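Here it is, the structure in full.
Labels run A, B and C following the written order; every chain starts at residue 1.
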Amino acid sequence: MSRTSRPSPWRVALITILVVSCVVTLAPFAWTIATSLKRPEDVFAPGSGLIPHPATLAGYRDVFTLVPFGHYLRNSVVVSIAIVGCNVLFDTAAAYAFAKLEFPGKSVLFGLLLVTLMVPMQVNLIPLYRIMVELHGVSPHLGANTLSGVILPSAVQVFGIFLMRQFFASIPDSILEAARIDGAGELTILRRIVFPLAAPGIATLTIFTFLSAWNDFLWPLIVGGTDASRTLPVGLALLARKNTINWPDTMAGAVITALPMIVIFVAMQRRFIEGLTAGSGKDIQ
Amino acid sequence: MPSRRASTRRAVVRLAAPAALCVALSACSLIGTGSVEPPKAGTGKASGSVTVWDYYGSATPIKPAIAAFEKAHPEIKVNYQAYDYDTMQDKLSVSISSGSAPDLATADMTWVPTYAANGALADLSKISGGKVNGQPIEEQYTPGGLAAMSYQDHYVTALYDFDAYALYYRKDILDKKHLQVPKTWDELRSVSAAMAEDTNGDGKPDKYALQVLPDTFHYAQLLFQNGGAILSPDQSKAAFGSTAGVSALEYMKSLLTSGGGLYWGVEQGDSTGLPGIKDERIGMFLNGPYMMGVLKDGAKEQSGRWAVAPAPYSQQPGSYLGGTGLVIPTSAPNPSAAWVLAQFLLQPKQQELVYTKAGAAPATTAALASPVLSAPDPYFGGVSEFPVFRTAMSTASPFPYVASWPDIDTALTDAVTAVLINKATPGQALDKAASRVDSALAR
Amino acid sequence: MLIAPALLFSGAFFFLPMALSLLWSFTDYNGLQPFTWAGLANYTDLLSDPVFLRACWNTVVFGVVTMTIGPLLGLLSALMLNQRIPARAFFRAVYFVPVTTSLVVVSTMWKMLLNDQGLLNKLIVAVGLQPHDWLSDPGTALYAVSAASIWQGFGFETVVFLAALQSLPSELYDASAVDGAGPIHQFWHITLPGLRPTMVFVYVVGIIGAFQAFDQVFVMTQGGPINSTTTVVYYLVQRFQALDLGHASATAYLLVLTLGLLSFIQLRLGKRFA
């Protein structure tokens, strides 16, 4: 064995820490999966450990049969894709302006936008719901009880603008100046230079807006009302019955809801790396 | 680029103009300077569509009744919406205060005071003309039930299922230890101490103990049994600081110190106590009829081991009276049709579904007498335990109807918790709660 | 033009509702009857309510605890995950799993972990120590809730830091390596300065999020025992459920005022160290 391939103590320690924290991180998720496979009466039975015995898929069957699961899934997909699309477009554009362009009132505007982040959403529920009721009066396809009512308030998120602004802030101005001198328009600069460089940021933005749209509960509950506009978390809550919680059903719902987010994350992880190779190197010189 | 910019601007204007217009038109309803219209009194025959919100979830007794209703009333179309109990209060509050409320909704009796005191609930005395299914409302409910439905001399809700507490106990353990079913406070304390076991020797019982829940519901039961009240008769001041109130809390505390009680806080994860029932930490508890359903569903393996008895008391039998009420919001578009549906749901045949589907207790007197409810129950050793709850209901009283009920509830829960975890004496804790309650009532 | 859509949407769906609730914070509005003006009464009521003041203190403690430990853990994990380690993609996905789980599920699991019969107490008993009711003791409940929040949140911080680490130009590291700089020197002089905008983001967003903590409290403790875990937003929601929109709105704007000041200071500090 050659000297170089022998792991250093530092690397051994690092990997040990990673593995240990992995177990800590995954334990509750493992518990979720285990519970989803148990019978309701076994969940709190004394001596029932992590391994479901007997294991049953009844929780998953309930999720697919007791509620119109396919319908909720479709709503969730539409809502999440629309929200992610709008945010990637609008947040990134606004963030670029705030980070790299000069215009009057810039810092005041940005400050105002940040304030919206500080208002707890619970206090805006009634005013926002009333706006949605009014919008619904204008057109039956808008506002309360429609998917647009779920999407619109999340189409632009100040969180995303802020995130992207901080990413753009780390792109050296000199690159942009050089491109402007070469006669490139702002949109060209955005497309050819800024977007590739900010790819890890956009991937992060995608992950988080998808996550918040996919998991959001309170607003879709308030603005919705019929199955026509219910998303997965709101719809799956109907599996509960008054006074008791059916843990296997609830946990099966949680597992199914979490899977697409993990898939999105793994897919976006690749973008991190691609963004790196596309952005660095030639352009900077 | 300029042309594109101009077109974007045009698009923005095109989008913004109707929005601005609609905002201007509806400014009053948005800001809140307009008031919610009271419903027209029921004139003529009810028809049209009626929207109903139901929080029973997958155990709903309402949904199966809808088809029968539509057959009996073809002139009324029902728009049924399911919600879950935990989140419906938020949804209902937002809708009620935005003028887009349903016509009929299930509401927990603990929500009703806030809604009623804020004028969110329609006057059922007016809409019903004093009758339900052709008979006077007064003949359909027990006096406690009627008190729970009344706010300022009119009815604001029709009780659909009820909650009143009795004593559940592990009959097998009681018999094995040759103990008698307790009837008084002293007996409850001594029997629970004799029944409970401390298997790990840490000084706290961990087998067959009496569940002690630090909440307003359980404290209120002891308070009522001791002859006390939560508020003064004119509802302007706290009344639980009385001798009756303090000694009730002292008694609650003594259930723990005697070695028979097991403290069961929110952090246990499940107020029904099911985890503790299954691992046999809990051998006795005071709770409502819905727990019969919870036991049958969740603790099938303990079938035949449980029994129910009237709650032991000190001076007089008593309990908190709650449950589910059917409400018609003030802003309901079709209150008369909603009342037709409500009456249908209150017919004995539909009320039986509350018992058979939701495992809870129907509230009307006609339903209470139904043979379905008195049928021998194999889970409870071939005995029908339902009559115990029927008796409990006749001596139960509702929580006071004041807008600040949620504050009173929190203040009392805090006081009870503080005493049970040794952070205050009953006198101190109730004094502190009383001053919080007085200032909340003064607001 | 680039910010027009952002302004349009935030105007309609943030500023308009905010204006309404700000207005209501000076009234006795209950959502149903026309309101009457209350002036500053709602605000003065709050500042003299011991429960509200307790909620403020709890929120500050929660914010300090979660925001000192959370980002630190996040940065450490991001640095580890940015190394050449085997199965890197797998480890990254694992750290992300808690973020995908909804806060309600996470809080439920932690409640089971921490209650008197929970796994933590079983471990404590196994090593011969006294078990403790973490969530029923007013002295420890807030820290127990904080622990659950940190566990769920640090995955978020890890992902943000990791993305930022990966957008740092590798040329800078190559050049300094040629100059003979070691990894520790590189960390202080390249990595940390490069992460500055991200840190500003993580802290500003993190503190705002921590000051709005609600779900974990609602599920784990309902604000108890004896108000020891009541946060400002939990207090607000209680006012809201009592249809007391005046006090609920006033609570929100006291929070906004505080957060505005904090964020202003943070952004200024971020610029100062540029």
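Observations on the model:
The definition used in the following text is that contacts are C-beta pairs under 8 Å (C-beta built on N, C-alpha and C of every residue); 3 or more make two chains touch, one makes a residue touch a chain.
Note that the structure is predicted; figures quoted are calculated from it, not measured.
Each step here moves to a touching chain, and the least such steps from chain B to chain C number 1.
Chain pair with the larger contact count among A-C and A-B is A-C, by C-beta pairs in contact. Centroids built from CA atoms put chain C at 34 Å from chain B. Computed from the mean C-alpha positions, the centre of chain A lies at a distance of 16 Å from the centre of chain C. Put simply, the C-alpha centre of chain A and that of chain B have 37 angstrom between them. Residue positions of chain C touching 2 or more other chains: 12, 16, 20, 31, 240, 245. Contacts with at least two other chains are made by residues 19, 23, 30, 90, 97-98, 279 of chain B.
Multi-chain contact residues of chain A (touching two or more other chains): 125-127, 130-131, 217. In the complex of the two chains, the chain A residues touching chain C come out as 11, 14-15, 17-18, 21-22, 25-26, 28-29, 31-32, 89-91, 93-94, 96-98, 101, 109, 111-120, 122-128, 130-131, 152-153, 155-156, 158-159, 161-163, 166-167, 169-170, 186, 197-198, 200-201, 203-204, 207-208, 211, 215, 217, 233, 250-251, 254, 257-258, 261-262, 265-266, 269, 272-273, 275-276, 279-280, 284. Per the touch definition, chain B reaches chain C in the complex via residues 5, 8-9, 12, 15-16, 19, 23, 30-36, 89-90, 93, 96-98, 114-115, 118-120, 214, 263, 265-269, 279, 281, 330, 403-407, 410, 413-414, 417-418, 421, 423, 436, 443. Within the complex, the chain A residues that touch chain B are 40-41, 44-46, 66, 125-127, 129-131, 133-135, 137-138, 144, 185, 187, 217-218, 221-222, 225-226, 237-246. The residues of chain C lying in touch with chain B in their complex are 1, 4, 8, 12, 16, 20, 23-24, 27, 29-35, 45, 51, 108, 111-112, 114-117, 133-138, 141, 220-227, 238, 240-243, 245. Of all residues in chain C, those touching chain A in their complex are 2-3, 5-7, 9-10, 12-18, 20-21, 31, 77, 80-81, 83, 85-86, 89, 91-102, 104-106, 109-110, 113, 151, 155-156, 159-160, 162-164, 166-171, 194, 197-198, 200-201, 204-205, 208, 211-212, 214, 233, 236-237, 240, 245, 248-249, 251-252, 255-256, 259-260, 263-264.
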